[in-house]
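In what comes next, chain A is part of two complexes: it sits with chain B in the first one and with chain C in the second one.
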Partner chain A sequence: MIKEFYFALYAIKKNIQNSAELRVSFLINIIGMSINNTAFIILWIFFVKSVGVINGWVAMDIIGLLGFGALSYGIVFSIGAGIRKLADYVATGIFDRFMLSPKNLLIRTATSFFSVSALGDIVFGVVCLVIYIISIHATIYQILLIGLLVIISVIVFLTAIITIYSMSFFFVDANLVTGSLFELFLTPSLFHGGAFQGVMRFIFTFIIPSLLIGALPVEIVRDVSLEKLLLVGSLAIFWFIISISIFNRAVKKYESSNFITFGN
Partner chain B sequence: MKEARLAIKIFKTLFQDCIQYPNRFIVDTIGILARCGILLILYSYVFKLRDGVINNTTFLFVAWSIFFYFSFSILKLRDISKEIMQDVQKGNIEILFSKPIFYLSYRIWWQIGLGIYSFVIITLSMIIALIFIIGLPPTMTIGIFIPTLILTFLCGIILSLFLYTIIGLLSFWIEDINPIFWIVDKTVMILGGSYLPIALFPTFMFKIALWSPFGASQFVTHTVYETWQTNWYQLIEIQLFWIVLLGLVVYFIFKKAKQKISVNGG
Partner chain C sequence: MNPNSIIVSNLSKKFSFPVKNPSVGWVKNLFFPETKKIVAVNDISFSVKHGERIAFIGPNGAGKSTTIKMLTGILFPTFGKINILGFDPTKNRKKLAYQIGTVFGQRSQLLPNLPLTDSLEFFGVMYDMPEKEIKKRIAELVKLFDLSSFIAQPVRKLSLGQRMRAEVAASLIHKPKIIFLDEPTIGLDVVAKKMLRDLLLKINKEENTTIFLTSHDVGDIESLCNRTIVINHGVIIKDLPTKNLTKTFIYEKYIDLVALSNFTIFPKLPEGITYSSKDKNKITVVVDINKINVQESLKKLLDLFEVKDIDVYNADLETVIRHIYERSSTSN
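For the complex of A and B:
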């Protein structure tokens, strides 16, 4: 297990070094993504100004929501962007390479690609959470809670993308299907959390775990709710087990494309 | 005539492609349900909380305005930037330049053809569904509505294509145009009235949306409001102004880009 962890760290380090070689492109991608993300802040702050407070959600909560969302997105896609390429790997037969590797299949696949723009998401997410912490005058307890919830959000995000991209083994034109499912998961996580009530809240908490990424963590920090923390934590563990099981089952469906390639 | 033949040929090819691969249509449908459907449900809840009126607008107008934005997005016109970038990065541009067709016109027709099939079917189905679920606002039943909607829709297509073609052409100079694409795309998203409909815009933001090419490319979202009946010609004039200006920019950038190209062979 420790060996696998060291391998993952080594692969991530090499990925970063590789991407950083194109310095200008590297920096522009990070800055561009950070600016790009501010669009959502602008949108939802104007929404709050026009509509007013909904179920206790104010403008600062939106910044917290986007902070959690961007940070978990950024961390997952900077260390494990390879999962997002699973559909391509399966369709082109590149997945053979990972299956033949003596390393853990999921870690090997996840760390096979690095998304530079995801670093922009991390920068954006950290800035948003710092603004959120300052604006709500967070106590030490709330700051620690934010740290814990970032870890939980990352786990939920990771498990969601593992589940979604495992579908690559079941469909022929999987790129489009997985892309759509990912959008179905991601889009609600960027929406105003206070507007999700009743059936919608149930669906996007228990069936599609979009609200576990940002909306519920913000409510936990704001209300210091241990009940919700337990719920989010339990769901994260549940989804983690489910996603690994789905991935392992999905891999069994893989049939090598038998392309004659030379390691490309 | 040659241009029309090229367009028909591309449309025919892509139509057959759509029939052959129905997955894409399903994916587009899931995509619009994920974004537009969820957003409409949320807005209906928010309007109910505020007794049905926010900023002197009701949910009926807002829902149709948001729907028009997302319906327009099914055309995927913005993807022309990435297509041009890929042509440049992969070297396809050399092959396409050597063909007896005008590269930009090929890319533009291809982009329209790629989304038209999903656009027609999903938009028609969604219109019927919306009429049954929430009904039609009175502004959409007056005689002037459909002709002006079509006019502003066509102008929006041309303007969007020019806007995103300019970004795509920058890939002749910049290695990765994605960061620029993201910023322009999000500006269009904000000023076009996607997640926040234009009826809820603050005054200064509404002015920016009105006078910038980013907002002008999505004037289709303005058509459902009462103000459209009195100022539609002014908005279409703004669109025409931007079309001419951005058209000239596309022409000059493309001219420069052609000089920039280096054929490596292989």
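For the complex of A and C:
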């Protein structure tokens, strides 16, 4: 397992170097994503200031929500952006390369690509969480809680994309299907947490785990709720096991193809 | 020790895919599509000894790539057993990967934006080789494949010939016992092709690497492989030493007739002799020696044509292979 992680880190390093060779594109991607996220947060803050408190959610909670969301998105797409390319890999036969590798298929696939814009998300997420910590006058306990919840968010995000993009093995040219499923998961995770109540909250917690990314972590930090922390942690482990199992079963459906491609 | 690198028993692979039925509406086609099943590989068996050089050939869609993908663990067989160096690719994919190398001519595995040396190092790390060993092996491969002039160039800037040499070098970084090559010379010029073939022969000789190659290029088969397996419609139709391939069609002889002045008329030929090509300077005929022997053919041809020179020869390998493909197509 140590060899697997060593190679994963090495592959990530090489992917960053590979992307950084195209310097202009590299920098534009990072700056562009930071501007995009800043515009998004300004929009939400104006919204919250006009509408007022909804189900206990205030403007700073939105910053916390976007902090968790952007940071987990950034980390996942820094270490595992290859998963998001699975539909292409499968449709074009590039996935052959990973089947021929002596490494764990999921780790090899995940680390096969680096999303440069994810660096912008990481920076943005960290800035948001720092602002959040300062503005809520977080205690040491809450700061530790935030650290733990970031790890849980990353795990949930990772499991969600593994599950979604594993569908690539079941459909011909699955780009549309996986793209739609990813939006279905991602969009609610960036919405105002107070808007999800009753059935909607149940669906987006237990069936589509979008609220586990940011909304529930913000509520856990705010309420210092160990019950919710236990629930979110258990769901993260549950989804992780399910997603690995789905991926391993899906791979057996792989049928390869003979498109002419370049590598990484 | 088992003398075989590869043992394949009763291997089959079926694919199914939805097909549009024009006689029903689009809703039914969308939700309840009919499926068509094709048998890409149908109950094939063969074995390959250590150090053998195998040409696995067949026309497009014959089942070559599907077979090679099952042997390397990319595809799961529908039926049958595969044993590669003692491993079952469906169960020991990772362990097997340490022992084999692969080159797919139409698909690069190198890092496009980084220098070639980074790609070679990448593969060394992937195969868990110590840093010192990686450096030593890269130096060996640079020398063997003459990569020094472009080792520092980004891969996307390499010519096709350079890239293919680099691909083969990368696939050999971990000293695999078998190398699988799927059309490695596709798109290469004659010089690059020869260079690549010579290199493959060299590693076969020096490192006793088993070579398993698919190609449409007769030159690859002729100059590189000591045994040829022909597959068509998913079935093995020939498995014999490459040098014996031409004897397969020994009942056919080719005769070139060079005109004394110019051929102006092309009369009907006796039974058993057919025109292969007609030109005012040269005629080539094919003689079916089951119907007419060479001596009789020559007599009859000389009665029909005034010639300056005559050449009698067997079919070349390309013609033989074409015949094999055509025969197996008509028999199916």
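Here, the second predicted complex is superposed on the first by the 257 of 264 C-alpha atoms of A that agree within 3 Å, B and C clash if a C-alpha of one lies under 4 Å from a C-alpha of the other, contacts with A are read in each partner's own complex, and residues count from 1 in each chain.
Here is the rule we use: a residue touches a chain if its C-beta (ideal position, glycine included) is under 8 Å from a C-beta of that chain, and two chains touch if they have at least 3 such contacts.
As the structure is a prediction and not an experimental result, all values here were calculated from the model.
Asker: Tell me the contact category for A:Y254 with respect to chain B and chain C: first, second, both or neither.
Answerer: In the superposition, A:Y254 contacts chain C only.
Asker: Quick check on the superposed pair: does A:L181 touch chain B, chain C, both, or neither? Answer first, second, both or neither.
Answerer: So A:L181 only meets chain B here.
Asker: Is A:F7 touching anything from chain B or chain C once the two structures are fitted on A? First, second, both or neither.
Answerer: After superposition on chain A, A:F7 lies in contact with chain C alone.
Asker: After lining up the shared chain so the two structures overlap, which partner does A:G52 touch, if you call chain B first and chain C second: first, second, both or neither?
Answerer: Only chain B; A:G52 stays clear of chain C.
Asker: Please identify the positions on chain A that touch both chain B and chain C, taking each partner from its own complex.
Answerer: Comparing the two interfaces on chain A, one with chain B and one with chain C, the shared residues are 22, 172.
Asker: Looking at the complex, which residues from chain B come into contact with chain A?
Answerer: Residues in contact with chain A: 21, 23-24, 26-27, 30-31, 33-35, 38-39, 41-43, 45-46, 49-50, 54-55, 175-176, 178-180, 182-183, 185-187, 189-190, 194-196, 200-202, 205.
Asker: Quick check: in the complex, which residue numbers of chain C touch chain A?
Answerer: 15, 17, 65, 69, 72-76, 93-95, 97-98, 100, 102, 104, 106-114, 118, 122, 125-128, 154, 156
Asker: Residues of chain A touching chain B in their complex?
Answerer: Counting only chain A, the residues touching chain B are 22, 24-25, 28-29, 31-33, 35-36, 39, 42-44, 46-47, 49-52, 54, 117, 171-173, 176-177, 179-181, 183-184, 187-188, 191-192, 195-197, 200.
Asker: For the complex, give me every residue of chain A touching chain C.
Answerer: 3, 6-7, 10-11, 14, 17-19, 21-22, 93-94, 96-97, 99-104, 172, 252, 254-256, 258-264
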